[in-house]
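When the chains are written out, they are named A, B, C and D in that same order, and each has its own residue count from 1.
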């Protein structure tokens, strides 16, 4: 079976990788793109011959497709995804930017139309597993610190993945203050950022790409879960998985870990 | 509620740690020990005042207990565990040495008597989670290598934990040959030991204690799960967990991961 | 040749390890101890038969010795070391607590009497090499961050070794601000402590012992120098080295790295 | 002062990086290239306007230059380097392929003409420092194992850097058999490749780039020196350093570590 795909955002960093992935996957077929007119992003039309729409409604009406992939920004992605679902086209959306209300609204439409939708804040399978395993481990190891390492042109700290990891750990970890009750810093900031008793450290150096270690400490033992990402190409296996998993779905699933087959 | 415990093997390395653990845990109460007479192991009776039996049948008949902990050797542990279950005393056994037939026989008795039994090859919670997460990850990352590191007075390679990890990974990993199809070794053994296409490397150095890394490689990403154990004291949290989890059980469970609450 | 040794501080944590080390080293011979009377520390006299002095002057006058080892506290160690040198007994002192003036005064005495003295803030050879290599690397890699990891009953952060490493790096590193010029913390402290543009992070977890990584970032490359210490026993090789190296010395040397044979 | 440079091999992987580096460095000026005619490598002339010679003699005769950079293969590089030195043009050569006789011959010419020459098997400063530090550490830590990790399209194992590291360690390490004297492999190859008692392990996985760890084990301590290289761009800082260091030289130096300023 061939999966017919509409891609929105083909000129972004993620979108251009997605174009390659769809092109290289035998059972995937790109049938249309949705693209912002007059964008300053590099042209991509030389690499594909499918029609390019600037009007999403027109695209969903005219083009027969199995899956709509949205790799744009939340402001554009939300109305487009809504329309796709209303046209009975399954949706795979890469964003962490939708509000709870928006996710609820999309869930209602997906359920009513019995059409699948996957919203994923992160498509890197390794990162998704790191977060899932961290959540699992925190039940038994409530003492945990995170060190995330990125190139020195990253402007904010800690990273979004670190923040998301903390949120997932909080779902299972019993809140406790870590470290010595009377601990003090000789140099301010040495103990990192604090959240619910946990500590997060952000390293920024040239030569680093995107790395994170979650370290759990127990009695005379340590458990470490680490992810290294060297290129956004690493997101494509997760996107491919989402496209395949959305096909039989009849509801909305938030987070790639919830469609993964974890035995 | 107090949990009354009979401990077999109180003079071994694990057993002496267990004595401490039981002593320090408010809700646990040691009620008897089973010990080999004339052992060359150090005496322990100064640290406890409970009766010490050399005859297991007599012990199980005379002593009222909730849980029997066996930290001996398989040859002794099997008949003792069988008797404990027949006396309706739950059993927690730390061994990887029982045969399939022995496990089947114990399962039958546990089910007939509706009495719980947990057999655990490894009580270190971190190591158990490392193996469990490795099994989960291998579904999505079939390319995997293991490096385990131990002190240089360890005589065999690879370690039992590495072998057990491989077995668990094989349950989910699609068999494949790893590395370049035409790869060759300039120095024999450089690529480590091979099993089902996977590779295992064993490092032995003074200063090392007991460490293992399971490294999964994907497209431009790596996922690493690592465990460090610095002392056999690390097994005690797992033993404590097993004693608590065996209480409501009415059957036999093999492997600590199968009574852990992994959300 | 046998090296006759006077040891001060035999009941401290370092001192008791030193007793073992001297006992196990064929060419070393303990000839006396200097010990504070009425100490609350455990008795050690059962393990040795040498005379124990509470008065250092009396000890240095009555006992013929090649090397005086001081593993006490700076307040005691300074006057004792001074007297040892004045009695022409070479001194090996484990402390980071002497002032510049005190070191200058001891240097003058050592030079006048042509008697060797080694003062070492750290006797762990691996830690000394880590700091030395970090100093060397900083010439070519001015972008550097340190992460040090200790058990969670350590009260201060960062560690003394981290502070000392920073000082050594500052001797060769060209001062620069690291990270993105506009970087900001979403969670306060995430970027760690700052010193001269460098960043230091302190992790505290049960299960950790004493670890430090110094990470240098360059163009598409990273250089990491890491030390793990699992027990204070690791200091004894450095102490042994210092005793051997102080024999031919006729001056004072500060820092073990300055008597090491680095080709 | 401007440094006038002739580059041989501008179309290779290293050469094209070198073109960029020279272009971006204010004080460097490309004055000519030497290039094999009819090569299948991509054209580069659009990126530079300097004359391109296929005849090295003609180039060295007609073009006034300070430094000749050779990034070709040993068979071409040796005669070209010889001619450069005979024309009193300093040479920087990136190769590990010259024989001892060839190096001796070039040394003689360099000395006679008092013209500098640097031959470097590796230009990555981090890798050079890793090897240098490993050599230094082996004096005090004779127990050492290496694990090197590369992408799974690398065909040979262990890597050239690992082999070179072993050679450098052998210069200072006292030969000894490592591990337990009676150790045995349950799975063949687990203990890696053996050289002079040391062990080397080669990991090959998708997602890896080029990494090496040299781990030294001592009494209750470990010292680890690690290098990660993510792109051949990392060689350019070393090439830049070599060009600057060759200017005042009047002899031949083998190995970048021998012109580095290690305090």
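The rule is simple: a residue touches a chain if its C-beta (ideal position, glycine included) is under 8 Å from a C-beta of that chain, and two chains touch if they have at least 3 such contacts.
Just so it is clear, the structure is predicted and the values come from calculations on it, not from any experiment.
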Selected interface, C-D versus A-D, where C-beta contact pairs are more numerous:
C-D
Which chain is most remote from chain B in terms of Cα centres?
D
Whole-angstrom distance, CA centroid of chain B to CA centroid of chain D, is 48
Roughly how many whole angstrom separate the Cα centroids of chain A and chain D?
40
When the C-alpha atoms of chain C and chain D are each averaged to a single point, how far apart are the two points in Å?
36
For chain A, residues that touch 2 or more chains besides their own
207, 216, 218-222, 228, 230, 234
Within the complex, chain A is touched by chain D residues 207, 209, 228, 230, 234
What does chain C use to touch chain A in their complex?
143-145, 147, 152-158, 163, 178-180, 182-195, 199-208, 215-222
If we count contacts the way the header does, which residues on chain C are in touch with chain D in the complex?
124-127, 129-130, 133, 135-137, 139-141, 171-172, 216, 218-234, 236-237, 241, 260-263
